[in-house]
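Each structure below appears as C-alpha cells.
Here come two complexes built around chain A, the first alongside chain B, the second alongside chain C.
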Partner chain A sequence: MQILRKTNLKALAKAHALGQEGVIALIERKGLEGRGGAAFPTGKKWRTCHDTQADERFVVCNADEGEPGTFKDKFIILNNPKTMIEGILIAAYAIGAKRCFIYLRGEYEFLRPKLQRQVKSMLKRAKTDVTIEIVRGAGAYICGESTALLQSLQGNRGTAMSKPPNPTRNGLWGKPTMINNVETLTCAAQAVLFDNWKPEVRLFSLSGNIQNPGVYEFPIGVKMSKVIKAANPKRKLKAVSFGCFGGIMPVDENMAITPETLMMEKCHHGAYSIIFADETNNVVDLSLSIAKFYTYESCGKCTPCREGTVRMLNLLRKIHSGEGSREDLPILCELANHIQETALCGLGQTCGNHVLTSILHFPQDYEAYFSKK
Partner chain B sequence: MKLNLNGKEMEVEEGKTLLTICRENGIVVPTMCFQASLTPEARCRVCLVEMNGELVTACSTKPREGAAIITNSKRVLDARRLNMELMIPNRSCKSEDDFEACEIYKEVGMKPRFSQIKNYLPDLGAAVIRDNNKCINCGRCVRVCAEIQGVYAIDFASRAHNEHVTPYSEKHLSDVACIRCGQCILHCPVGAISERSHVEEVMAALADPNKHVVAQVAPSIRAALGELFGMPAGTLVTGKTVALLRKLGFNKVFDVDLGADMTIMEEASELLHRLENGGKIPMITTCCPGWILMMEFFYHDLIPYMSTCKSPHEMLGMLIKTYYAKKAKIDPKNIVVVSIMPCTAKKFESARPEMESGVDYVLTTRELGRMAKIMKADFASLPDEEFDPALGISTGAGVIFGATGGVMEAALRTAHFLATGKELEALEINEIRGMKGIKEGKIVLNGKEIRFACAHGGANARKLIEQKDKYHFIEMMACPGGCIGGGGQPIYRDPDTLRKRTEAIYSADRASKIRRSHENPVVQEIYKKLLGAPLSKKAERLLHTKYTKRSRF
Partner chain C sequence: MSERTNLMEGGKDEILLNVLHRAQEKHGYLSESVLKKISSKYSIPIAKLYGVVKFYTMFHTEPQGKNIIEICGSPSCVLNNGISLEQFLKSELKIKIGETTQDKLFSLYKTSCIGCCDEAPAMLLNRKPCTRLTIDSLKATIENLRKEAGEKKE
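The block that comes next holds the complex of A and B.
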C-alpha cells in the first residue's frame, strides 16, 4: 500500500533542501488534496497560511475521525505514525510554525501512549525545535470540523464558527492555523519524497454487511465491482452508503467511483468510507440510525441544524414505527434541503444528503413502511 | 466596490456587512440573534439573503466586488420563514406579547407545523427568572453578559437540540456569580428572561386597609415609563407617574431624588473625610447594586475602597420608616415602602441582610407598567401631579443620578461647596456626560487636584478598575448608560433610546429650581431634626452599610 511507505526523515531533509517556497510548490504540483472529505487543494491551503502576515503560526493535525464507517486515520496512526509525524514537521517547516497539535479523537485514547512515544522519538531524531502536542478531544463529532476543532483546542465549547475568517488566516488565538487531516499529512511526506507517488490512490474504509471490512487502497475511478469483490459480501448487495453524510445509492457494479459519477447520483465521496447494505437491510433503518447520529452530534449553534435535525429524526421515527404516511416525505425533503442550504457548517450542510438520496433511490423502502399501517 | 442589490447596480463601501448595506438602502432584513452592540454569531439564520445564488447570513457576510444580492426571492423568504418556524414552533404571539420575535413572526408569515420539544424547569432566581422553554438560543443574553457586562454568568451547554442557556453546572442564577443587572432581560427577543415579579404582593398590600403604602420613584423612571404606553423615547412623564401611582392606591408618592440628595451629602462628606484624613483613595460609589455584587464576587480587595453609603432608595426607605413615620405619626410596622426602580438588582439589594433595608418591595419600570395595565389605568390621559410634599422636594442633582456620570457630577457639586464654601463655577460637568464607556475629568478643591472617572457597563468597569489608582473618586454603573439603561427599564430596540432618555434626565435637571443637593430644604431639615450632620453616628447607623466577600462558586 502506498500509504504505508516509510519516509524515515528523508522527506523532511528534502523539504529543508527545497526551502519553504519549494515545498509548497512541490505539494501544489503533486496535486495533493485534503483527505478529510472536502478535497481542498493542500498546496493552496499551505500557501495561504504561509502568505498571511503573523508573528506565530500553528499546524493542527486533525485526528478527530468520528464519522461512522470511517477508520482510515486510525489505520495510519497504528501502522505508519512516523510518516504522519514527519508530514506534520514538513507542514510546520513549510509555513514556519513552531507549535503543532495533534487533535486526537477522544475514543482513540488507546492510541495515545504509543503515539506520544513516537512523537518524542521523531522530534529527537529530527533535531528540531518544533513542538507537537497531542490534545485529546472530549468526544464530540463536531470537533472534527475545523472551526469547532480550534474552539475546542482553545478550551472553549466545540461549536462551529462562521467563515470567514478562515482558520488559515485567523485560527488558534487569532493566528494563521493550518488544519490538515492525518491522511493528508502522511501523503504530504510521501509526496515530497517519492517521485512515483500517485495522488489518485485513496484509502477506502469498507464496512457494513460484508465479510471483509477494513481499510483498502484503491485509485479514484476504480470499478465498484472491484471494491465489492474486496469487501466480499455474503448476500446480494443492495445499496452503498458513503459514510453518513455522502448519501446512499443503489449498487451499480459497472460504475467507476469518481467524484463526478457520484455527483450524478447526488452522492458525495467524502472520505471514501463505504457502508454496504444487502437485500436484508431496509434503507429507512439506515437513514434512521444515521439521523440519530447527526441529531446527537450537531453542535446546536445554528437554528436549522439544531431544530431541523431533531424534527427530521422525529419524522423518520414516525415512519419507522409504521405511523407515517406519504405526506411526511415532502416535509422531510423540505427540512433536509433547508438544513443543507442554511446551516452554518459542513455538518448541517451535508446531513440531509442521506435522507434525500434514500428517498430518491429507494422510494420502495419507504413505501414498505407506509403499507405496514 | 460595485454590487447588484435586488437588480439595482450600486456603489458601496468595502468592509461592510450585507446587513448594513441592506439597511442603509432601506431594505428590511429580519434578524433575531443580531444586535449592533454585540459580535455577530450568525446563529439564528433568519437574516438570510441570496448572494451569487447561495443563501448566506447577511449579518456575518461581507460581499465581494460585483456580488449579486437578492433579498426578496421566494427561496429567501421560505428559508427565513422555516427557520423562524423551527425556532418558535408554538408561539401564538397574542396582542399583548410585544416581543421582537413576534414582529418578525408576523413579518415572515408563519404557519406553525412543528410541535414544541423543549421541556425545561424554569430557573427561579431571586431577581431574574429564566424560562428555557421559551428560549430560542439566539445567544444575545450570553453575549451581553460576557461582552458588555463582563460577568460571564451564563453560557450555552449541551449539544444539538439539547443546547440551552444555563449558569455553570445547571445551577440557578441565584447560586452563581450573577450580578442581577438584568441586561439579559433587555436583550431577550422572546421574553424568556424576566424579573421576579412582586406585582401581586404589592397589590395585596394596596388592598390592605391597615397598611400605609408609600411609593418612591427613581429618577430614571420618569424618562422611560412613557415608552410602555406608546410614547416616544425620552418623554418626561414625572407628573403622570405620580398621578398613576396615586390612582393605583399608593397613600404617598415620594421622589427617590431626595434619597439621592441624602446620598450626595453623605458621599461628598465621606470623600472629603477620606481626602483629609488619608482614607482609602479612590473612593468608589455604591449606588449601583449590580456593581456592588460585581465587586463582591470578583474584586474582594476593593471593599475598603467602597463608599459605605447606602443607595438612594435604601436611604429614603430608612428615612420613611424613621423620620417620616415619626412626623406622620404612623407605626413603621404598618408602612409598606415600595420602590419603583429601573433595576432588577435592587430587588436583590433590598433583601441583603447587611442592608437592614427599609424597603419592602421593589418594582421595576416594566412591572409598574404591567400593574397599570392590570388596573386599566389610561396613562396618557392622566393629569400631571406633584410628589407628596412631606419628603418630596428634590433637586436637579438627584435627577441626574439616572444617567451615567450623574452621581459623580452631583457629588462634585456638593463636595466643592462643602470643601470650599463656594459653589462650583460651571454647574454642568460635561466631560463625564455622554455614552463613552469610560469618562474622566478633574477639578480643583482647595488647591488640590481631584481626578475622577466613571464607567458604565460591567466590562468597562473592569477596565477602569485596572487603572483605579490614577483617580480619587470613581463612579461605577453596571448597566450601559447608567440607570436609564437598567435591566428593569422598558425593553427597547432603537439603539438611540438611551441617548434620548439621558437627554430627558438632563433636561429635568436644567428645569429644577434647586440643582445642588446641599440646598435642598428637606435635606437640611432632616439633618437638623434627625441626623445632626453628615457621617454622624445616627447617619452611619441609618444610611451606611457594609459589604461581604462572596464566592464565585
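The block that comes next holds the complex of A and C.
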C-alpha cells in the first residue's frame, strides 16, 4: 500500500533542502488534497498560512476521526505513525511553526501511549526545536470540524464558529493555524519524497454487512464492482452509505466511484468510508440510526441544526413506528433542505443528506412502513 | 480574535482538555471540589469550566462505576447486531444508558462511533476496545468483571 511507505526522515531532509517556498510549491504541484473529507487543496492551505503576517504559527494534526464508518486514520496511527509525524514536521517547517498539536479523539485513547513514545523518538531523531503535543479529545464529533477543534484546543466548549476568518489566517489564539488530517500529513511526507507518489490513490474504509471489512487502497474512479469484490458480502447488497454525511444510494456495480458520479446521485465521497447494507435491511432503519447520531452530536450552537436534527429524528421515528404517512416525506425534505441551507458548519450543512438521498433512492422502503399502518 | 487562555503549569503551556483528563483519571470523576481547585489554580471562572466539562461526553461530574462501558451506536455496528447488544447490556445490568449500577460496578454509555467498524459490533470497556462482540462474549465479560470484584471484596 502506498500509505504504508516509510519516509525515514528523508522527506524532512528533502524539505529542508527545497526551502519553505520550494516545499509548498512541490505539494501544490503534486496535487495533494485534504483527506479529512472536504478535499481542499493542501498546498493552497499551506501557502495561505505561510503568507499571513504573524509572529507565531501553529500546526494541528486532526486525529479526531469521528465520522461513523471511518477508521483509516486509526490504521495510519497504528501502522505508519512515524511518517505521519514526519509530515507534521514538514508542515511546521513549510509554514514556520514551532508548536504543533495532535488532536487525538478520546475514543482513540488506547493509541495514545505508543503514539506519545513515537513522537518523542521522532523529535529526538530529527534534532528539532519544534514541539508536538498530543491533545486528548473527550467524545465530541463536532471537534473534527476545524473551527470547533480550535475552540476545543483553546479550552472552550467545542462549538463551531462562522467562517471567515479561516483558521489558516486567524486560528489558535488569533494566529495562523494549519489544520491537516492524519492521512493528509502522511501523504505530504510521501509526496515530498517519492517521485512516483500517486495523488489519486485513496484509503477506503469498508464496513457493514460484508465479510472482509477493513482499510483498502483504491484509485479514484475505481469500479464499485471491484470494491464490492474486496468487501465480499455474504448476501446481495442493497445500499451504500458514505459515512453518515455523504448520503445513501443503491448499489450500482458499474459505477466508477468519483466525486462527480456520486454527485449525480446526490451523494458525497467524504473520506471514502463506505458502509454496506444488504437486502435484509430497510434503508429507513439505517437513516434512523444516522438521524440519532446527528441529534446526539449537534453542538447546539445554531438553531437550525440543534432543533432541526431533533425534528428530523422525531419524524423518522414516527414513520419507523408505523404511524407515519406519505405526507411526512415532503416535510422531512423541506426540513433537511432548510437546515442544510442555514446551518453554520459542515455538520449541519450535511446532516440532512441521508434523509434526502434515502427518500430519493429508496421510496419503496418508506412505503413499506406506511403500508404497515 | 480569541483571548489567549493558555494555562501555565511548571512553566509549560497546558491545554485544558489534558488537565481535565488527568484530574478525572486521578479522582474518578470531576467533582465540584476538583473543579473548584482547577478553577482557582488556572484562574478560569467556575461557571465557564463547568460549561466546558458538560459539553464533552467523556467528562463526568457524578461518581462513576468501576467499569465504564461505551457501546457503539454507529450504523456499521447497528448493521451487525449492535442494537441487540445494547438491549442485552441494559437488561443484564438493569440500568439505562447514562446510568450506574447500584453496586457501583458498571456505568453504561452509548457512543456515536469508536472507529472499530471493521470489527463490528464493538464497545469501549474502560477506554479499551472490545470487538466482534456477541451476547455470549458480553455475558462472559460482565461475569468476569463481577467475579473479579467479588474476589477483591473477600
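For the reader, a short list of remarks on this structure follows.
Operating definition for what follows: the second predicted complex is superposed on the first by the 373 of 373 C-alpha atoms of A that agree within 3 Å, B and C clash if a C-alpha of one lies under 4 Å from a C-alpha of the other, contacts with A are read in each partner's own complex, and residues count from 1 in each chain.
The criterion applied here is as follows: a residue touches a chain if its C-beta (ideal position, glycine included) is under 8 Å from a C-beta of that chain, and two chains touch if they have at least 3 such contacts.
Everything quoted here is computed from the prediction, not taken from an experiment.
By the touch criterion defined above, A:Thr350 lies against neither chain B nor chain C after alignment on the C-alpha atoms of chain A.
Contacts of A:Glu109 after superposition on the shared chain: chain C is touched, whereas chain B is not.
Number of chain A residues touched is higher for C, counting chain B against chain C.
In the superposed model, A:Glu307 lies in contact with chain B only, and not with chain C. Of the two partner chains placed around the shared chain by superposition, chain C is the only one that A:Gly155 touches, whereas chain B remains out of contact. By the document's definition of touching, neither partner reaches A:Asn80: not chain B, not chain C. When the two structures are aligned on the shared chain, A:Tyr296 is found in touch with chain B and with chain C.
Contacts of A:Thr186 after superposition on the shared chain: neither chain B nor chain C is touched. In the superposition on chain A, contact of A:Ser241 is made with chain C only, not with chain B. In the superposition on chain A, no contact is made by A:Thr7 with either chain B or chain C. The residues of chain A shared by its contacts with chain B and with chain C are 140, 157, 159, 296-297, 299.
Chain contact summary for the complex, chain A toward chain C: residues 65-71, 73-74, 101, 105-110, 133, 135-141, 150-159, 170, 172-174, 205-209, 213-215, 241, 244, 273, 275-277, 281, 285-286, 289-290, 292-293, 296-297, 299.
Those residues of chain A lying in contact with chain B across their complex are 140, 142, 157, 159, 162, 164, 295-311, 314, 331, 334-335, 338, 341-344. Taken together, the chain B residues at the contact with chain A in this complex read 40-46, 48, 55, 57, 60, 62, 79, 82-83, 86-87, 89, 113-114, 117, 136-137, 155-163. Contacts from chain C toward chain A in the complex involve residues 1-7, 15-18, 20-21, 44, 51-52, 55-59, 70, 73-76, 78-80, 111-120, 124, 127-129.
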